[in-house]
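Structures given as C-alpha cells follow.
What follows is a pair of complexes built around chain A, which joins chain B in one and chain C in the other.
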Partner chain A sequence: MNPFKGMLDKINVESVELELMRTAYGSTTTLLSKLDPRILMVWYLIFAFAPWFFFDSAKLLSIFAFVTVITAISKANKLVLFLLCLGIIGQMACYAIVAYFLGGNMAALAALLTLTLKLATISLASIAVFSNIDPERFSDALLSFGAPAQLAFSISYGYRVIPVMVEEYKDIMLSFRLRGHAPSKKGFLSWRYAYYLLKIAVLAFYPLILNTAKRIRTTIEALETKGFSYAMNNNDVKRLKLSYLKIKAADIIFLLVSILILIAIILI
Partner chain B sequence: MSESIIRIEGLSFVYPANERPSLDNIDLEINKGDFVSIIGGNGSGKTTLCKCINGIIPHFIAGDFYGEVKVCGVDTLDMPVSTLAQRVSYIYQDFESQLVRPTVLDDVTFGPLNFGMKDYHQKGMEALRMLDIEGLKDRFIWELSGGQKHLTALAGALSVKPDIIIIDEPAAQLDPYNAVAIYRRLKILNESFGITVITIEHNTELIAEYCNSVILMDAGRAVWIKPVRDALNAVNDLVKRNIYPPQVSQAAWRISPNMPSYPLTVGEAEKYFAAARIQCPVESNDCGLGDDAHMPHPAIEFKDVSLWFRSLTETTKNVLKDISLSINEGENVAIVGNNGAGKSTLLKMITGVIKPKGGHITVYGTETAEIMPEELSSTVAYIYQNPEEMFIEDSIRKDISYFLKTRHKAHEYEVLDYFINDIIKSFGLEDLQHKDGRMLSGGQQRRASLAIGVAMQPKILLLDEPTGSLDIESRREMVNSLELLKDRVKTVIIATHDMSLAAEWADRVIVMKDGRIIADGDTRSIFDDITLLDQCHLKPPQIVELSKRLNMRPIALSIDEFTSRISSIDEVMI
Partner chain C sequence: MERVLRPERKNSSKDLMLFILVLALSGIENLIAEVLPEFQLGPIEVGISSFIFVPIVLCILFDSFWAALAAPIGELVFADLILGEFGGLGEFEEVILLTMGLYIAGKMVKDVTNRKQIAAAALFAFIFQDLIGTFIDMTKVWVGIEDFEAISGLPESVFALEMIDFLVEFAVTGIIFGLIPTLYFAPRLYGKIEPLLGIKPRLIEKGAALNVPIRLIGGAIIAVIAAAAVSMLSGAGFNIIEWEPEFLDQFGQWYIWVPITIAAIVAIVVIWLGKSNNGEGQDINV
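Let's turn to the complex of A and B:
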C-alpha cells in the first residue's frame, strides 16, 4: 500500500461529508447555539470589523484571546480548526521564507504577522458563529434582516441537498473507477495515480450536474404545490415563519458584555 | 357515496413541443371518498391527467388546454395553484426531490406554513400522528430510509388537510414491504378520514387488495372506469395493453380464457382451483434441484466478513455481520431481502470499492482488499440501481465503449467497434446509441446499463435491483434482457426485492436480513419455506403461495409452471 492511498483512506469523502454535516447541524447544546441567530450575526459583524481599526499588537492579541475563548466554549469542529491552524502556520512559514530571500528584516515579518493575527481573529469569529447557527436559523435571520426569500430558501435548501449530491457524486466517481483504467506505473510520489484520481474527480461533476438539473423540475413543481411562491409575496406568512425568533435577556447580555470587553480592550 | 368530487369534461391537452395530444377528449367523474387507481402503459397520459387535477396543468406547465376540469365543484382555471393545492395534494414518483427541508417536521409543516395557517405546527404533528410516524419528527431527511421518506412526503401532503391525495407510482419506488405499508395507511386515510385517494399504479395485486375502482388509460384516452373486480377481470382489455392482472388471475385466465370472472387473491384462487386436478411435472427429475453434474469452481468467497460505518451521532452502524459465502462459477444467484438488509453493500464489496473491516473476500483467488477496483473490473462488472449514475459520457455508445477504450490504443479502435456494434445490436440499442442516457425511458436506461456491463466482458456480473422503479412493461423488457446475459457472462448475481424475479430467474437464492445471511439454498426450497420468508418480511409471489396452498409438490415458481400442471376446470366457478 502506498502512502498516498493510506492518507486517502483516512480523509475520504465520507468523513469530510460527516464533518461538514456535523458542523452545520451538529451542536445544539452550546451557549452560542441557544442565542438568537440575529444577535450572533451582529456580534460577528462587530468582531469581523473591529480588528481592522487597530495596529497595536497587544490590543489585537487581547481581541484574539477573547474570540478564542468564545470559540472554545462554542465547541467548534476540530477538523475546521485544524485546517485553520494549518493555514496560519503555512502562511507564517511562507512569510519567513519570502522575508529571508528578499532580504527583509524582522520588522517586515512583524508587520505581516499583524495581518495574520487579524485574519486569524476574523476566521475564528466566523467559525465560532457559523458552527453554532444551523443553516435553517441562518436563513431565517437573513430573511428577518430583509434578504429576499429566494436567497434565504436557497441557503437552507442547499444544505438539505448536500448529502444527496455527495452520495450521488461518490457513486459517479465509482462509475468512473469501475470502468476506468488506473495507471499501472504510479510514478514518483504516486503522482500519476493522484493525477488520475484528480481528473475523474473533476469529470464526475458533469454527470452530477446533468442528473441534478433533471431532478430539479420535480422540486420546482413541488414547491409550487406547497405554496412557496404564494408565501413569497405574503408578509403575514413571513411574520408567522419568523415568529419563533425572539430576542431574550441572555441575547442582550451576551452582546453587551462582548461590546464592553471590546471597549475595555480598546481603552486600556 | 355517489357525490362527485372531480368532474372532467372534454379534456384535451397538448404539451408545447408535441404534436400529438397527451390527453385526448377525456370525460371522467370521480366520486368523493373513492379509492381509485389509474392504470395504463407508458405515455398513456396517466401523470398528465393527474397534473390537470392538481392544476399544475395549465397553471404552471403551459400548453394547449381544452375542456373543463372541476375539483370540488370549482373550475381549476378559476382557482390559483396555491388554493387548489390545499384541496389536492400530489406525491411525485421521484418523492425525494419533493422533500425540500432538512428535518421531517420542517418538511411536513412547510405547506401549512406557506399557506399562512397559524396552527401549522399542530397541523404537521397531526399529519405525522395520522400516519403513526411521530417518532420521526426531529430526524434529518437524509438519515431516513426510502420507506420513511415516502411516508414523510405523504405526511407533507396530508398536513394541508386536502380532500384528494394523488400518488404517482408508490409501489414502483419502494420495496414490497414499504409499498404495503403505504397502501395500508392510504386505506385508513380513505376509510376513516374520508379522503379521496388516486394512485397511479402498475402493481395489480396491490390494486386488487386496496383500491375500489380503476381507470384504464390508453393513448391519452380514458377507456373506462370500473369497480376494481370488473376492471381486473377484463383481462383481454388489460393484456392487450401490456398490463397484467394479479398472477392468480393470469393463471386462471390462461387455463380457461372465457370465464365470466377470475380470482384476484390467493384465497379466492384456492377456492377456484379447489376441484382442479394437479398433474406431476412432465420431467419428474427436474424439480428445480439444479444439476450438480459439473465440478463446482468457486468464483467468489466471503470468509467472516463484517463491515460497519460511523454515523452523525458518533455511533457505529453495523452493515454486514459475519458473512461467509461461496459462489461458484456458472451460478445465477438472487440475493433477496428488504431495503437496508445489506444486499447492495454485499455486491459493492465484490467489486472491491468497499473493503471489509473484518474477514476476507476473494474473487477468483484474489483478495479484494489488496487490489484496486480498476484492476478487478476486468473480472467483475457492477450495474447500478440508478442507471443515470452510470452515464458518464454524453451518448450510450460512448458509455458502452468507455471501458474498452481506456484499455486499448487508438489503432485498435476499429476492431473494438465490431464488438461494440454487436453488443448494441443484441441489446436493441441501434436507434438510441447516439442519445444521452439521461434522455431515455426507464426501461431503455436499464437495457443500456446492462449493455455497458456486458461490454466489459466480465466473468461475474452484479446487478443491483435491476427491476426497481420500473413499470410492468419496462420490467418485462428488463427480464428479457437478462436472458441475453446467459451466453455472455458466466456468473450473474442479482440483489433484488422483486420476489417473482428471484423465483423465475435464479437457481440459487440467498436471503438477507439486517446484515446477516438468514438462508441460502436452491430457489425452490427457499420459496417452499413460507415461515422463513415471513420472518424476513418477504412476500412470495402469488403463484408460489397458491401452489403451496393447493399442495402442489414441488411448488410452482412461475405462472407457466403452474398452468402446465393443472387440469382444465371450466366447470368450477368461484
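Let's turn to the complex of A and C:
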C-alpha cells in the first residue's frame, strides 16, 4: 500500500502547479516536442478518432499498446498517468458492482472493456501530445489551421497566466486562514473544519476574479496599443508570424510510420 | 491592397477581454476542483466536479456569448488536456451544452439585483447542461458497446448509475457550489468588476419579470430530444443489423455522428435565434 499512499499524497495544488509550469515552460528534449505542432495535432486527431471505428478488442489493444509506447517515449508525468489508471479501474469496478446487483453477469464487464479501452487510448494520446507541445507553438498551430487569432492568443496567454493564478489563489487562501478563525471544535468526522475550508475555498474566488479582471484589462490594452486586432486580420502579418513553422522530414516520417502501423493493425 | 486598415467590429477588444477572463477563471476553477479530495460511497463518487458558480456569475453579469463560449473551452484546454481527461468526441458535446446553458442563463436575468431571477438562471444553467449530458452519456454507452441489450442487467445498471450520479452532482455541484455561491457573488460583483474591465455595468430593469427566452429554450430542448430520439433509433438499428457483422463494422459508428451533428446544428440555430431575439437596452457593451 505504501507506494500508492505516496502517490496519493502528491495529488495536491503544488503538484498540479508544477505540472502546469512544466507544460508552460516545458522540456524540449523529448522526441515529440521537437516535431512540428501541426503534425502532432494531426497525429492526435487520427488517434482520437480511430478507436471509435472498431469493436474488435484485439485491434483496440494493439492501438492502445502503440499509443502507450509513444507516451512512454514522451516522458509524460507519472502522476497524471497514475490518476488516469485509478480512474479507469474505478469506473470498471463501478459498472461491475452495479451490474452484479441488478442481476446481470460478469459478461457485462467484458463488454465494457472495449469502451474503456477506447477512452483510455484517447486519454493517453492526449497526455502524450499535450504535455509535449509548447503553448506558443500550440497556439501558432491553431492559428495556421485557421482558428481565430483571438482564440489562439487566449490559449497561449492562458497557459502562461494560469500558474500565476494558482499561486495567487494559494496566497489568498493562506491569508484568509491567517486572518480568520478556525473552528475550535472539529465536530463529527471533522465536518466543521471541512465546512470552514470549503467556505474559504469559495470566498477566495472573490479577490481572484477582481484581480484577474484588472490584469487582463492591462494586457489587452497593451496589446491593442500595438494594434493586435488589426494585425491579426492582416494576412501578411500572419504569414510573418507563422513563417518559423516548417514541416521537416522527421515530421513526415513520424506521421507516415504511425499511419502505417495503424493500417497494419487494421488489416491484420 | 490588404494593408488598408479595415473597420474593426465594434468593441472586439471588449469581447476578447471577456473571453480571456472567463477562459482563465474557468480553467483555474476546474483545476482546483480537480485536486480537492473526493470520496466514494459504493460506486457513486461524491466530489466537486467544478466551481460552476464562477462562469455562471460572469455570464449573468455580462450577458455575452463570448463569455459563455469561453467557459467550456477553458475547462477543456487548461484542465482536461493537461490532466489527460480529454474524452475525445464527448468533449465537443460538452462545449455545445455548457455554452448554450450559460448563454441562455445570461439572457434570462433582467434585473441583476433580483435574487429569484439569479437563482432561476443558475439552476437552469446547471440542469440544462448536466441532465442532457447524462442522457447523451447513456446513449453513448449504448452505441459504444456492440450487443448492449443482449447483456442482461447492463442497460438498467447504466441507467441507474447515471441517474444517481446526476442527482449527487446536482446536490453538490449544482446547489452547494452553484446556486448558493452565485446568490452570494452576483450582487456583490455587480458594479465592481465592470469598471475594472472598462465596461458599463448591465442595465437593471427594475421590476422586469424573469426573461424566459421561450423560443431559445424551446428550440434547444426540441432539438436535443430529436437528437436523443435519433440515437435511440440508431440503437434499434443495431439490433436489426446485428446478424451482419461486416456491415456493422463498416457503418456501425456512423450513428455516433448523428446526435453530434444535430447538437451542432441546434447550437447554431439557438445562437442565431438569440441574436435576433436580442432586445434593445440589455446590451452592455456601449
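To be clear about the criterion, the second predicted complex is superposed on the first by the 249 of 268 C-alpha atoms of A that agree within 3 Å, B and C clash if a C-alpha of one lies under 4 Å from a C-alpha of the other, contacts with A are read in each partner's own complex, and residues count from 1 in each chain.
The working rule: a contact is a pair of C-beta atoms (placed from the backbone, for glycine too) under 8 Å apart; a residue touches a chain by one contact, two chains touch by 3 or more.
These numbers come from a predicted model, not from an experiment.
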>> Both complexes share chain A, so when I overlay them there, do chain B and chain C fit or clash?
In response: fit
>> After the superposition on A, what does A:18 contact: first (chain B), second (chain C), both or neither?
In response: first
>> Quick one: is A:154 in contact with chain B, with chain C, with both, or with neither? Answer first, second, both or neither.
In response: second
> Regarding the shared-chain residue A:267, is it in contact with chain B (first), chain C (second), both, or neither?
Replying inline: neither
> chain A residues in contact: does chain B have more, or chain C?
Replying inline: C
>> Between chain B and chain C, whom does A:249 touch in the aligned arrangement: first, second, both, or neither?
In response: neither
>> With both complexes superposed on chain A, which partner does A:58 reach: first (chain B), second (chain C), both or neither?
In response: neither
>> Going by the contact rule set out at the top, does A:224 touch chain B (first), chain C (second), both, or neither?
In response: both
> What is the contact status of A:236 with respect to chain B (first) and chain C (second): first, second, both, or neither?
Replying inline: both
> How far apart, in whole Å, are the nearest Cα atoms of chain B and chain C in the superposition?
Replying inline: 6
> Which chain A residues come up in both lists, the one for chain B and the one for chain C?
Replying inline: 15, 157, 159, 206, 210, 214, 216, 219, 221, 224, 229-230, 234, 236
>> Give the list of chain C residues in touch with chain A in this complex.
In response: 2-3, 5-6, 8, 12-13, 15-17, 19-21, 23-25, 27-29, 31-32, 34-36, 40, 42-43, 45, 51, 53-54, 57-58, 70, 73-74, 77-78, 80-89, 141, 144-148, 151-154, 156-158, 160-161, 177, 181, 185, 188-189, 192-193, 196-198, 248-249, 252-253, 256
> Okay, in this complex, where on chain B does chain A touch?
Replying inline: 54, 56, 60, 80-82, 85-86, 89-90, 92, 94, 96-102, 106, 110-111, 113-116, 118, 120, 140-142, 156, 309-312, 351, 353, 372-375, 377, 381-382, 384, 386, 388-392, 402-403, 406-407, 436, 438, 452, 456
>> Under the stated contact criterion, what part of chain A meets chain C in this complex?
In response: 11-13, 15-16, 19-20, 23, 48-49, 52-55, 76, 80-81, 83-84, 87, 90, 93-95, 97-99, 101-105, 107-108, 111-112, 114-115, 118-119, 122-124, 126-127, 130-131, 150-151, 153-155, 157-159, 161-162, 165-166, 169, 201-202, 205-206, 208-210, 212-214, 216-217, 219-221, 224, 229-230, 233-236
> chain B touches which residues of chain A in the complex?
Replying inline: 14-15, 18, 21-22, 25-26, 135-136, 156-157, 159-160, 163-164, 168, 171-172, 174-182, 203-204, 206-207, 210-211, 214-216, 218-219, 221-231, 234, 236-237, 240-241
